[in-house]
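Got a structure for you, questions after.
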Amino acid sequence: MVNLGVKLKDLSLKNPVMTASGTFGFGEEFEDFIDLSNLGGILVKGTTRHHREGNPYPRMAETPSGMLNAVGLQNKGVENFCSEIYPRIKHYDTNILVNVSGSVIEDYVETAAMINDLEHIPAIELNISCPNVKEGGMAFGTSCASAAEVVKAVRQVYKKHLMVKLSPNVTDITEIAKAVEAEGADSVSLINTLLGMAIDAETRKPLLSTVTGGLSGPAVKPVALRMVWQVFNAVKIPIVGLGGIMNAKDAIEFMLAGATAVQIGTANFIDPQVTEKIVVGIEDYMKRHNIQDINDLIGALQVR
Amino acid sequence: MVNLGVKLKDLSLKNPVMTASGTFGFGEEFEDFIDLSNLGGILVKGTTRHHREGNPYPRMAETPSGMLNAVGLQNKGVENFCSEIYPRIKHYDTNILVNVSGSVIEDYVETAAMINDLEHIPAIELNISCPNVKEGGMAFGTSCASAAEVVKAVRQVYKKHLMVKLSPNVTDITEIAKAVEAEGADSVSLINTLLGMAIDAETRKPLLSTVTGGLSGPAVKPVALRMVWQVFNAVKIPIVGLGGIMNAKDAIEFMLAGATAVQIGTANFIDPQVTEKIVVGIEDYMKRHNIQDINDLIGALQVR
Amino acid sequence: MKKLVQDFEVLQRKELNDDHFVLDVKALEPLPEIRPGQFVNVLVKDSNTTFLRRPLSIHFVDYERNTISLYIKKIGDGTKKLGELKEGDTLNIVYPLGNQYSIPNNANTLLVGGGCGVAPLLYLAKHLNQAGNKVTTLLGVRSEKDAVELDAYKEYGNILVTTEDGSFGEKGYPTQHSILEKEKFDYVFTCGPEPMMKAVAAYSTQKNIPCEVSLENTMACGFGACLCCVTETTEGNKCTCTEGPVFNINDLKW
Amino acid sequence: MKKLVQDFEVLQRKELNDDHFVLDVKALEPLPEIRPGQFVNVLVKDSNTTFLRRPLSIHFVDYERNTISLYIKKIGDGTKKLGELKEGDTLNIVYPLGNQYSIPNNANTLLVGGGCGVAPLLYLAKHLNQAGNKVTTLLGVRSEKDAVELDAYKEYGNILVTTEDGSFGEKGYPTQHSILEKEKFDYVFTCGPEPMMKAVAAYSTQKNIPCEVSLENTMACGFGACLCCVTETTEGNKCTCTEGPVFNINDLKW
């Protein structure tokens, strides 16, 4: 028996495979396809202080080996989450993390505080990197000062595991990672989507109502891997790696680059069973390579 | 007859299709495949003050809809270019631009000054964005101050068209574009490669000798388009757009986003005749859409 | 209704005309209950440019043969590759997705389809017929060669055609067909290009007949996980893939 | 030698064993002169994961049939898709690429191949034979079923085999074959896995025989435009696709 369990500080995962926020609904959408208890954790939809309608249609465009989205954090707000959704999903035998988004610091703080009270939510992922909200979700993630500020404020009220999700749309992601580490983040997850754009040459119009949107999928994998590797060499807190993971091989690459756990996003749309398959695939890889403990893979890249 | 001619300030191109530096050799490598005089311009290999061996093998890795390279500016130096290569290629009936790279400002300046004296080179492209040289080619392109500094210094000695190639590995590319415009750049080209990384999960080693390298190809197209659009809305000088262009449709998308001309890079490896095909394809598009003058397409994106 | 992801076996590909074909695919396990108006999301292998699955309406279900039929128009590389599938090939499908058309009883129903929007109507005609409704299917096509599968519709009711060039049936668009004024319908169902559906909706509104439309839009997942596929409704954004694709026109902001 | 990019027509695909096959492709225009050791760069269509072309050695050229033969091992999706090509399919090829093996005169030549490294040796054997050399081809394979096309080599000289399991020819690796000590060769050519080529190079160095190897590495363009494919030589980095793939071992830092 190989050991697949990993720890993000105090947070134990039965295996390193989690889902990426915004691509896995509230988990319920996948109950027909997989057994959620086989996953290390699930990240539910981006949740904000207040109800948000999101952006107008069209919100999606396919791109080479990837997709752009401009959902814009459509959600019913944190109160609805606590009263309606939480009771429905809290029994899941896996770690349920809430992705907390906002446009002003008070919103982040209030949302985090409310979720702090939910017994079966052991952690939040602070989304300071969403490119699809005008008012500034991403702006927080693109400067050290503002990233530090929001993490510091949330840290005051949030007492459990605080994961911070970083934006790749920056010159030096290690600076941001160090800034949030210094303010008490327990882990960082990266990457969120790259800001991109698509045009229909025939109609001469943008394919998204918002003109620009967030790029995800295998197209971004090389950038994501590089950033995980850079951040691994810059901070001490654990890293959750994501961006274009489609199979177990990809997941292992992220772990070799320094990720303690991974998240699967866009791949869920193409194969709703992919997360379970990745858990099995990682186990197979370990057996084939005679690795007893998955923790031996973390950051095990052999650089000449 | 439709008009395909565009102008980058004083520099006239018979059509907007150029080649991207580092992907087209010195043009000679393509003489078997196409008639170079059908192109708007060619960008020859990155040239530095002194001979460079480039990075060790392996220098290339295929990625989803793209590739990583770590060539590292292998070239014989500007003196060799002037004495050996220039005489061989100066007769080409197209605009020949030299991509000038460096690691310290004096190198850029000396290289640019030598090329200034070459009669049949109407412009240089200042590469302040190569991710593959340790000593800092990219560092110049990732801060406004250093980008401005190098452009200012080169502007003193280089009297013809000065194009500056921008790095996409920045938080806000419009800031860099504005900084180089203010120092007298005649045009900007974007994007250079995104910094990425690839790992072989089986051997647990990086696929590039340099660990990280530059990502190009269709995978980066959404990011490139977005940056062209952002820069178009920020500066007045003309923009040359590139990143993942594979066909005429892609080229037109870049022009709609604000590019006056385009460069074709990685696509040349897959179809060495692609540049000629793109010229024809653009003409077909214009006829089909009843557009007489290609300049009507520049920045013609219809944002609701 | 439990959603499944399963490999199907291609039984047959029937070319209907230059760019339309019907693909019959056989499930390896007994098919679940599938309602008219639902769709599948298929995986396209071996296409350099297709990344996401492709949503396709369920054209017909044959429980005896354990097959689903898809009615497909070649648009880009994804549908082109589906048009190259051969007998024995495998097709991975997520299904059954979406809501369904309402099935009234003993009503006089009109089904209006255009382009590949005809896809869901055959299975709907069958269900309406079974529930004791009178069924009239009205198809709008370009010219005679596009008027296909008429016999199949005839099994469940009346079939009428309009062609743009007048080469078959009545000349014009479906909403110009004489039956619309001649007969009084109790229920209208439509699927096809948006302008056509809007014209059908206008007719229904004017005549005060309930009308359901099936919408197409860009989908990433097809089962409610991504929220990319919203339609603006009178009650705010609704998910086309789970709360649609069938909408009553009263709920749309048309 | 002018390089071309052309569509070829697949004439035949011969399966050699589980994972090796030979593809005969016919040029639509008369073939140019092709030298032994040169390679082609083929476009793989219909693969979701193949972006760049795939370099393949020229296994044989038949000017009468106007065909090139490729000897291919299935490695990943690119070569797998090539293994699904059928008669009449089109294959886009950039060729002829790279330098060539030297062709001595009236010499006793030894060709050592292993794995899909045997690919260029058949055409080389033909040229060596034509130039009046004595040709001995020595192939190292895993077991009997991998010892294929032996008759073809016999046309141009002597053919010897080593198998790892001893099921055919001599047991062991090619560099352990008795002929190496029995016979005195004037020239050695090799292609195959790097460890094998290094062993052959060591043998040649020890015996003081000139030796040429054909290298494989990761290529983006195949015709000198990208500089991705360098090999370290005694004279600095050389371009494997234009200054190679054939190198004299004296020039390598082996």
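So that you can tell them apart, the chains are marked A, B, C and D in the order they are listed, and the count of residues begins at 1 in each.
Heads up, the rule we're going with is that a residue touches a chain if its C-beta (ideal position, glycine included) is under 8 Å from a C-beta of that chain, and two chains touch if they have at least 3 such contacts.
Remember, predicted model here, so these are calculated numbers, not experimental data.
The minimum number of touch steps separating chain A from chain C is 1. When chain centres are set by their Cα atoms, the one at the greatest distance from chain A is D.
Mean C-alpha position of chain C lies 54 Å from that of chain D. Separation between the centroids of chain B and chain D, computed from CA atoms only, is 36 Å. Chain B has its Cα centroid 34 Å from the Cα centroid of chain A.
Centre-to-centre, using mean CA coordinates, chain B is 47 Å away from chain C. Contact with two or more other chains is made by residues 50-51 of chain D. Touching of two or more other chains is recorded for residues 63-66, 217 of chain B. Viewed as a contact network, the protein chains form a single closed ring in which every chain touches exactly two others. Each chain pair that touches appears in this list: A-B, A-C, B-D, C-D. Residue ranges of chain A in contact with chain B, taken from their complex: 63-66, 68, 142-143, 169-172, 194-199, 201, 203-206, 209, 211-212, 215, 217-223, 225-226, 229, 244, 249, 252-253, 256-257, 285, 300-304.
If you check the complex, the residues on chain C that touch chain A are 2-5, 43, 49-53, 94, 217-232, 236-237.
Partner chain C is touched in their complex by these residues of chain A: 22-25, 29-30, 32-33, 53-54, 56-67, 69, 71, 74, 217, 266, 268-273. By the touch rule above, chain D contacts chain C in their complex via residues 45-48, 50-51, 81.
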